[in-house]
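You will see chain A twice below: alongside chain B first, and alongside chain C after that.
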Partner chain A sequence: MAPSATLSHLHRPDGSATYTHNGYCIIGAVNGPIEVLRRDELAEEATVEVNVRMAVGVGSPKERHLETVLTNTLRGIILTRRMPRCLVQITLQVHSSAEEHTSLGSKFNSNLLLLPHLLHTSLLSLLSASIPLSTTLTSSLVATTPTSPGPVISPTAQSFLRHPPTALHVFTFSGDRKLLLSESEGTFDHEQWDEACEAAEEVCCKVSGGVEIGEGMEVEGVDENLEEWLRRVVREKVEGEQRWKGAS
Partner chain B sequence: MATTQSAPTLTFPRPIFAALSPSPFLQAHLAPKNPIRANARAPTEFRKPGLNTGSLTHCNGSAVVRLGNTTVVCGVRAEVLRAEDVPQPIDPKADEEDDVEEIDTLRLLVPNVELSTGSTPTFLPGQAPSTFAQSLITRIRSLLLSTRLVRAKDLRIMYTPPRTTEDEDEEVQPEVKAYWTLYIDTMFISLDGDAFDAAWGAILAALRNTMLPASDWDQDLEMVLCDDDVKKARKLELRGLPVAATFAVFQGEEDEEGEDRSWVLSDPDAFEEGVCRESVTIVVDGKKGSGKIRRIEKSGGTVVGREVMKGLIRRSEERWEEWNAVLKG
Partner chain C sequence: MAATLPVVLPGDQISPSSLPKPTKGNKPLTLGPGLQHIPPNTISTTIAGALVTDAKKNAAWVEYNSGRYTPTAGDLVIATIATGGAESFNCTITPNTPYASLPNLAFEGATRKTRPQLATNSLVYARILTANRDTAPELTCVDPSTGKSEGLGPLKGGMVFKISLGMARRLLAGRKGGVTVLGGLSEKIGFEIAIGRNGVLWVDGGNVKTTLAVGKAVQEVDEHALGPEGQKKVVSKVLRDI
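On to the complex of A and B.
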């Protein structure tokens, strides 16, 4: 099932997006480039600040770790050198999360389940804020389970109850199909990791048989990879904004 | 007269070159055919871990680990958590291998990392834990849980009530009266890069060194009594020996052919961590061939793809053998 997203729906921040997938709903807002605190100012590039707020409870070290991972990844794709002495502030509010994973939470760090969704939300918000980016990113959760022969792509919380996984992986690919982020945990070997990586690459940025992506080929459903999905979401937003032109 | 003076040649002593332009400084070291890093190590060379266990007298287990100039002290203290103080008791599962939930929900393992000891100029003493410290604690805690290193069985204090009836066949079920909670405090005495490997090595060594006193529930006093006798104390039975290896990816300037040059440096020191954006941490358990991977963390760049990762896993497995020799030796 493809994720659904709404762009630029908040009026105060420079860019915003709401992203819903597999029971997770995240609201993202981006402000930038704005003035930076003296303490965080970098002379040659922009500072990237990510704030993650959970659906319930106050912040904990867990969120700090997620923020660190997100900052490291997004700093690599934002053209920070174009905006020296500035701040790009990304705020991600988890609106609802699949609560079923609490049963899995002890075995696996539930951060991994949330990470792809947070990455997608922040990218969409950055696009909505027109922050200069060097590339886009697409991310996917993959589970290795003993019951199924191959890796399971973006499993839902319910499927964890039926088939408890031995390992969970999150892979993120850039627009040019390079591995941006990889977080795995559990017990696995190199072959399983490689298989999972290949499966994730396929779902994120598989080249679909010679058809130029974004040529107006509206492919709905399973055939659409995440990169095409991303392009479709942005195209729909731009088409919506250009309606005034065609209406005259 | 200014005109008669020859233009000063642009030569700096090493430390000034490193401070002024850290990235070209490191690239100048790595660019030749046989690259040697600024700290005189080869790119694939780790720092040899130094280990000293049982140095703290008031801890149940302790270890001091040194990786070059990174020095970490880890102490494990055990405290009793009474079962009646637990709001929602958890019944031990039949499958002893599936005990993570018990350890997680009862918070039987409490790791903490203290960086603000004057270990590095970036973290001033007396300040609140920095983002880096919080991130480090989260990674350590989640690794402790996901590797299932400590067995819940070792942490339970059981009590078998006496028979109430004369019936010989009646089974008397032992019940959990209390738990040992392990407070794992890790202090950085000095930090010169690779905090995670050093902290994890120290925790591993300290847990291997931990002795829990023989303890029993006293029905009359309604409290846990521990035995003073060291001979009766028992060690923790750990599951496996997961060892962490961290790599930093240095991306230099383009060379003459316009190709990106990059190097993957094992066990980066503080200077290299400051220059490198991408980092990889791999946790493996077992030597080459039979080893299992327990965790991969990679973020910050695009240099390490599937091919490079294969080599890094091999390097981590070699590192496992080094740590294994040190920890067991």
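On to the complex of A and C.
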């Protein structure tokens, strides 16, 4: 099932998006470029601030780590030098999260499960806020399991029960197929990592003719790749904005 | 029905075939908002929107209708006075951005002896004189060449309505923008309006009822993206209620 997204639905922030996929629902809001606190001010570029709020409970080092990863990734794609001494503020509220955590048990205490969803939400919010970006990004979670023949792409709670993973990876690719982020957890060897990376690239980026999805790989309900999905979401937004031209 | 414009995402490279061809000899290509030139000859987009080209002006830009207003020199805005100083007023164009400065002498007929007295939170209709990323924008209420106000200056009375940036652009574009609701309303009722590119519409209809009716009509046209027919319906509904 492809993720579903609504853009620019909040009227207070400059840009907003709600993203739903695999039981996760995240609301993102972007404000920017706005005035920055003097102590965070950078003379030559914009400051990027990411706030992650969990569905329940107060913030913990886990969220702070996610925020750091997100900030560093997004700073790479936002044209920060276009907006010196400004602030781009991204707020991500996790509305609901799936029960994958419980099915994974205590082996993984990671927040990698949430990371691709947070990245997608923040990108959509940035697009909605019309913040200048150098490129887009697409991200995917990949699980390496001993029981299934290949890596499992964007696994759900059921597939975790069926194939308990030994390692989890998050790969993020830019619009021009460059690897932006790779975070892994668990036990895996170099070969498995390569395999997982290839599988993620397949699902994230546009297939450039002749490349086929490897046999035996479990592509769970991903019928369009994420790049195509992103284009479709943006097309809907632009068509909504241009509809006055054709209206009677 | 207008032809559907190509949708672009940030980082897309614009092929030379989709850029306008100069009609007359050596007119340089102009890149508008949302496009950047990466030397030597790559042109890529930075925001998501519809790619628009104009062969006559040899220009290309990305049209979008979301996000925050970024001050550009020459734009008409409705600014709010935040504080007044000895030299200039500090104004807000959009919330939470650095103040724009409006010199005390940048009003029609203002001299050192007769300066306009503007209280905090009063509105001014002004033109952006300078705007760049390194300094705070500077506003003016007079045409520097003639010294006349040409409709700019403090806005008294009336009420402010929020509209989308695209709607403000359309309203200021005149006939090209395709907004007929104001023309339709003005045949029966009298009102005064000012449109700021920062997504602000100021209406003064003389009484509260007219002001609200006009402002709400424009907001409805904006929200539902109404065409000429829909706008006519809005006009007749408003005129019936008044």
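One rule holds in what follows: the second predicted complex is superposed on the first by the 226 of 248 C-alpha atoms of A that agree within 3 Å, B and C clash if a C-alpha of one lies under 4 Å from a C-alpha of the other, contacts with A are read in each partner's own complex, and residues count from 1 in each chain.
Keep this in mind: contacts are C-beta pairs under 8 Å (C-beta built on N, C-alpha and C of every residue); 3 or more make two chains touch, one makes a residue touch a chain.
Just so we're clear, the structure is a prediction, and the values are computed from it rather than from any experiment.
In the superposition on chain A, A:C197 makes contact with chain B only, while chain C stays out of contact range. By the document's definition of touching, of the two partners only chain C reaches A:Q242; chain B does not. Contacts of A:A129 after superposition on the shared chain: chain C is touched, whereas chain B is not. By the touch criterion stated above, A:D189 is placed in contact with chain B alone, chain C being left untouched. Residue contacts after overlaying the shared chain place A:E67 against chain B, while chain C stays out of touching range.
In the superposition on chain A, contact of A:L181 is made with chain B only, not with chain C.
By the touch criterion defined above, A:S4 reaches neither chain B nor chain C.
Residue overlap on chain A between the chain B contacts of one complex and the chain C contacts of the other covers 174. Interface residues of chain C facing chain A in the complex, by the touch rule stated above, are 1-2, 4-5, 7, 9-12, 34, 36, 46-50, 63-68, 70, 96-98, 133-134, 166, 170, 178, 225-230. The part of chain A that touches chain C in the complex is made up of residues 7-8, 14-15, 31-35, 77, 79, 82-84, 127-136, 174-176, 230-231, 234-235, 237-248. By the touch rule above, chain A contacts chain B in their complex via residues 61-62, 64-65, 67-69, 72-73, 75-76, 105-109, 111, 169, 174, 178-190, 193-194, 197-198. Chain B makes touch with chain A in their complex at residues 100-101, 103-105, 129, 131-132, 134-135, 137-139, 142-143, 145-146, 277-278, 291-302, 304-306, 309-310, 313.
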